[in-house]
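To keep things simple, chains are lettered A, B, C, D and E as they appear, and every chain counts its residues starting from 1.
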Amino acid sequence: MPDETKPPASSPPEAEPKPTADKTVPLGGVKATTSGSVQSEAKSGEPGGVPLPGTPPTPDPGLAPPPTSPPLKAGSAPAAAGTPTAAAGTPAAKPAAPAKPAAPVPTAWNSPMVAKLKAQFGSGMEALTYLGQNYMTVDRSLIPEILQVLHNDEQFDYCVDVTAGHYPQREKKEFDVIWILYSYARNERIRVKTQIGDGESIPSSVPIWPAANWLEREVYDMFGIKFDGHPDMKRILLPEGWKGHPLRKDYGILQQDNEWVQINLGIESGQ
Amino acid sequence: MAADPTNHMEPVATPFFFYLLGGLMLIGGVLVITRKNPVHSALALIVTLLAQASIYLMLYAPFVAGVQIILYAGGIMVLFLFVIMLVSIERSQRERQFNKQWVVGMVAATALGGLFIAVYTKGRGIFPEHALPAVEAQNTQNVGTLLYGQYMFAFEIASLLLLVAIIGAVVMAKKRI
Amino acid sequence: MDAMLHISTLHYLVLGAALFLLGVIGVLTRRNVVVVLMSIELILNAVNLNLVAFSRYWGGLHGQVFAIFVITDAAAEAAVGLGILIAFFRNKETVNVDEVNLLKW
Amino acid sequence: MLDYIKSYLTSNLTPGSAGNMFWAFVYIVVIFLGLSVAVIAMNWLERKILAHMQVRLGPMRVGPHGLLQPIADAIKLLLKEDIMPAEADGFVFWMAPIFVVLAAFTVFIVVPFGPTHAVTDMNIGVLFMLGVSSLSALGIVMAGWASNSHYPLIGALRSSAQMVSYEIAMGMAVISAVMMTSLNQQGTGTLSMIGIVQAQQAQGIWFIFKFFPLGLIAFFIFAVAMVAETNRAPFDLPEAESELTAGFHTEYSGFRWSLFFLAEYSAMIAVSSIAVTLWLGGWLRPFPNLLTGAKWDLFFFLFPGITFLFLAGMCFYSTVRMPKHPLFRIQTIGLAGFGVVLGLIGLILFIPAVRERVQDIYWFSMKVAAFMYLYIWYRGTFPRYRFDQLMKVGWKILLPMGLGVLILTAGVGLWPLIQQTIWNR
Amino acid sequence: MTEPTSSLSHLDVEEREKPFLDANELVINMGPQHPATHGVLRVILRLDGEKVLGLECVIGYLHRGVEKIAENRTYAMFNPYVDRMDYVAAVSNGLGYCEAVEKLLGVEAPPRAQHVRVILTELNRLTSHQLWLGTHALDIGAITPLFYTFRDREEILKIFEKYCGARLTTHAFRIGGLQYETYDGFEKDVKNFLTFVAPKIDEYEELLTTNRIWVERTKGVGILSGQDCIALGVTGPVLRASGVKWDLRKAQPYANYKNFDFEIPVGQNGDTYDRYLVRMAEMRQSLRIIQQAVDALPEGPIMAKVPKVMKPPVGEVYHSIEAPKGELGYFIVSDGSTQPYRLRVRPPSFVNLQALDKMCRGQLVADVIAVIGTLDIVLGEVDR
């Protein structure tokens, strides 16, 4: 974990694994106003609050500041509603929320498997656990190999889900792509996450898990993330020719492809 | 079918039904050879066949009429329609319907027609004018007796022919020859 | 007028001959194999008509028996003919007689 | 003219055989009307019986117990827009339902409702019925092809393939029954429908029981094949709604569709009539040779009237049980009226003169009705066969069985003769 | 025919101009308006006669953007929306969602609530399986089971209605427990229902299990091996029918399923018939669970302490339950606000539907119908 030093206190470095009871982080940040300002570390695209190990030069600006500091990139959440309120970015100053029980924070996840993977992939990945759920953040460049290893060597034979998240406040690395994997043999569930930017593509995992076929198509449909090597990369839920990717944060909830609607449905608007 | 003749007496209104059915047959025949769409041809042929079955009834040949309906109309024509539906007809419909030597064909047909006319006018007398009393009540039995008696050998050969035809058709229509 | 009203053998023969001619014309001029096959059926039917008519007017049933044989034959002919047609169509994608110019493909 | 009409009444032939065109026409009209009524009643009965098999009530709104539902349906169908697909072959599309209906109704010319109650008695009756009913395959193919649409085409191909294949097994079964008319030195052998029933009467046995298992097996083969012939469950693949929406009549609507409906049901009645004629003694009452004597005659003579009185009683019982509410008044009155009509019919049937003439028709209809009930029962019970399984049943089970039955029937029937020739030599 | 059948996904939607006797390929469009596609599934079939060479599903006709809606609703407000996904198993959907949010919030529903949840969820599993059985049988041509199952399903819906006022989209659970205490006589109703329905399940089996035509239509149809299931991510009864003994209720118990004694029915051949048997057995197991739950229904509160305004801490959680159709998962990303930052539903029907192509290849058209039925998809969930 070369990047250990970077993460804020909120995400304890791997080196000192702590039980989930670890509450070093004041939770004030969570008490962001409803305006949706996202609290520092975790919220901005990294709910786990994990540093981005994959990109040594500049992980994510949002991660650097200490937990209580205002997030560098405020206003990520409101984008969903199409009403960005950048001003809300300051709420970190409200360290209140006294009534709230301390929220759990991600802790390092240690297991033989992780150790083995670490040995193999080194700094490219980081394994954490949150609420008893294990996940690993992986550098994009490692994606096909690590998934392959997970499938072949670690018996994660069931690809539960492939999905993504959009974090427009993160420059260059706007998207999280998440694989949820399960191993029948070990009865264990993990998530593999990576970050990619807009317009970038990512190797498809269909050769590893055929189940990922439609799931990846849906990710493409909803986020516009292309998967290289996918046998049939096209929209699945929305019609062919639709413009825009609805689950992106900059796509308003009432927004639609008016042109498509007018041409194909012969009505002024679908609303 | 309502016009079926009866067992014991002269058919009712024989000339009327003869001309009606004969006319139907001829119209059907003309349509068969002129329609562009083979399905229409086939339907016209069915009309011809059914009219002919009725004429068989008028001729006191009910068993042949039954066989005609079952085999021709119910069997062979279904087969024809089946095949027409299997082969696409759109293209053939757009093409030329008659071949290049149609003139020759027409000339040959006219010659044949002339021959027929000549034969029928010259030999008018040879053809029996009046029918012998009908033996229709026992028709089926008699046909059966003939088939399984005098024509037994021919019958067996016909069954062999059918067997060959079945095998031939199956082999032809298989996916790969 | 009497000749028109009294139906004799000749009437059936003429009808049969007309049908036969139609069949011949169809066989000789049409390009579509299906229609050619149907014209052959017309010819066979014309023959049947003659056979049955003669059988009626000469009293025996031999003509009817022959008609049954002819119908059997027609069934065999239709089955084989249509089988050939399907095989032909599969290879040539056409149903025109004048394109049947190869013994083997 | 009046003499011409009257002359038939003394004859004991069918109008066709007697050459009486007037009565033949009357019979045709009566059969046509009766058949239409039967189809309408069948429609109602099927829905009601099926509904009660499926723990529901079925039509209840239009008329008492939905009695007027088929009429309402008929009106609806007649008023519906008649849609023809733009790409359809107009003439063929138009002809197909007519062809099917014609084929289905023409069959009834030779159906013997009684010794004289048939339009005509052809001496190739069975052949004629089989032949003409097989013509409806053509109509179905026409309908499927003319619709110019995938589902109808597949439905039509399925349907015609199915009908053609089952016809063979059916033919085997029929021939074994026809053979029974002449074998064993009893009777002369006939293809005439009336002749077949008379042969059963003369031999004193329904053919279903003759040569004990053989007649039964032949009947069974026919009973299966006839369901397949009429495209009914479990052989209703051509119109399998879950696969082909509605099969060959997907594109039909309104009146034309109802013609198909009419044809389907009259075809069901037609094939059931063949089965009844060939194996179940046609118009003969049960045990005509066993339970003889004046007492039994009277007992069976009373049956028709009692049936109708029983139905009338059911109506009155339901009338009493109707909710006492102003909204139900008309329905209650209607049901009572229906009961009265049924009761009157029952009473009329007790008049000896009427009874004499009608009892044959009654027994024939009762037997056919049993088959109709079976049709409904099948529909309520069985899932649908798949096409290859259907073909397997037809070609690999029924056809060999039919051939076997045919040969065995011939063998058993000729056994005395064979014995004579071999042993007495 | 030259085209390799494996590259099915590149199936050309356009109907080819080839005459089908030669090319042996007939492209048929089944749906979206088709009685046997269970809604608005559109299947493009490539046929050789009646044999399926391959097929492609076109979905999305019911797409309502549930995941997008979730990002614009508070956690509590989104709760009713999940019912609209798998509308025949709305309670299960609600359970999964509530438990996922509870996990995020760090609360746990009190025991009584857990018990009631289990009862309702299992009843819901029963309704779902009954509906499946009815429609599946209808697809195969047996029309009667549909009415039998609907008659019995009605009793469950009555219980739902009495409990929460709704029959289909129940919105029965709240985050943190239940909103409503059970009505008076709830236990009695449920117990009565249990005694009522047990013989009814035998009745369904009587109609179908030994029916020759049913067996012929379902045996060996749409076979999916255990490996295929795992590779394709298929879960639920379909997976279990293929011999994989895996049920989330046992593997990773949620709610309080670990307190109940029940078995996981497993099939062997992975064909349609086995799936049928597995589901029938599951219905009986559900009855067992309900019996135990209702017998041991504890007293106590029904709602945990949940803040009025729910702001789960920053974090993400994936929680999945064994819905009647398979693994139903919710992946929720919280940014600490009142609304989910991202909510992903892992719909079992959607993933299971992927297997349709694999299951139908080489079968006949009629089998496609049977296989669509046996997959037990709900288009509301596939499209969300």
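Assume a residue touches a chain if its C-beta (ideal position, glycine included) is under 8 Å from a C-beta of that chain, and two chains touch if they have at least 3 such contacts.
If you're wondering where the values come from, they're calculated on a predicted model, not measured in any experiment.
Peer 1: If you check the contacts of chain A and chain D, which chains show up for both?
Peer 2: E
Peer 1: By C-alpha centroid distance to the whole-protein centroid, which chain wins?
Peer 2: Closest chain centre to the overall C-alpha centroid: E.
Peer 1: Which one of the chains is farthest from chain D, going by Cα centres?
Peer 2: A
Peer 1: Could you give the separation in Å between the centres of chain C and chain D, each centre being the mean of its C-alpha atoms?
Peer 2: Chain centres of chain C and chain D, defined by C-alpha means, are spaced 36 Å apart.
Peer 1: Where the centres are mean C-alpha positions, what is the separation of chain B from chain E, in Å?
Peer 2: That pair's centroid distance is 61 Å.
Peer 1: So the centre of each chain is just the mean of its C-alpha atoms; given that, what is the distance between chain D and chain E in Å?
Peer 2: Roughly 45 Å, centre to centre.
Peer 1: What whole-number Å value describes the gap between the mean CA coordinates of chain B and chain C?
Peer 2: The mean C-alpha positions of chain B and chain C differ by 6 Å.
Peer 1: Hey, what residues on chain C touch two or more of the other chains?
Peer 2: As it turns out, chain C has residues touching two or more other chains at 86, 89.
Peer 1: Out of chain E, which residues touch more than one other chain, so two or more?
Peer 2: 19, 21
Peer 1: Taking the complex as given, what residues does chain C use to touch chain B?
Peer 2: Where chain C meets chain B, its residues are 4-15, 17-32, 34-35, 37-39, 41-42, 45, 48-49, 52-53, 55-59, 61-62, 64-65, 67-69, 71-80, 82-87, 89, 94-98.
Peer 1: Give every residue of chain B touching chain C within the complex, in rising order.
Peer 2: Residues of chain B touching chain C: 14-15, 18, 22, 25-26, 29-30, 32-33, 35, 38, 41-42, 45, 48-49, 52, 55-56, 59-61, 63-64, 67-68, 71-72, 75-76, 79-80, 83-84, 86-87, 89, 91-92, 95-102, 104-106, 108-109, 112-113, 116, 120, 124, 127-132, 134-135, 139, 142-143, 146-147, 151, 154, 158, 161-162, 164-166, 168-173, 177.
Peer 1: Provide the residue numbers of chain B that touch chain D in the complex, in ascending order.
Peer 2: 1-2, 4, 6-9, 12, 37, 39-40, 43, 46, 62-63, 65-67, 69-70, 73-75, 77-78, 81-82, 85, 136-137, 139-141
Peer 1: Help me check something: in the complex, which residues belonging to chain E touch chain D?
Peer 2: Where chain E meets chain D, its residues are 26, 28-29, 34-36, 50, 137-144, 146-148, 151, 207-208, 211, 213-214, 216-217, 364-367, 369.
Peer 1: Given the complex with chain E, which residues does chain D contribute to the contact?
Peer 2: Chain D reaches chain E through residues 50, 53-56, 150-151, 154, 233-234, 236-237, 240-243, 245, 379-389.
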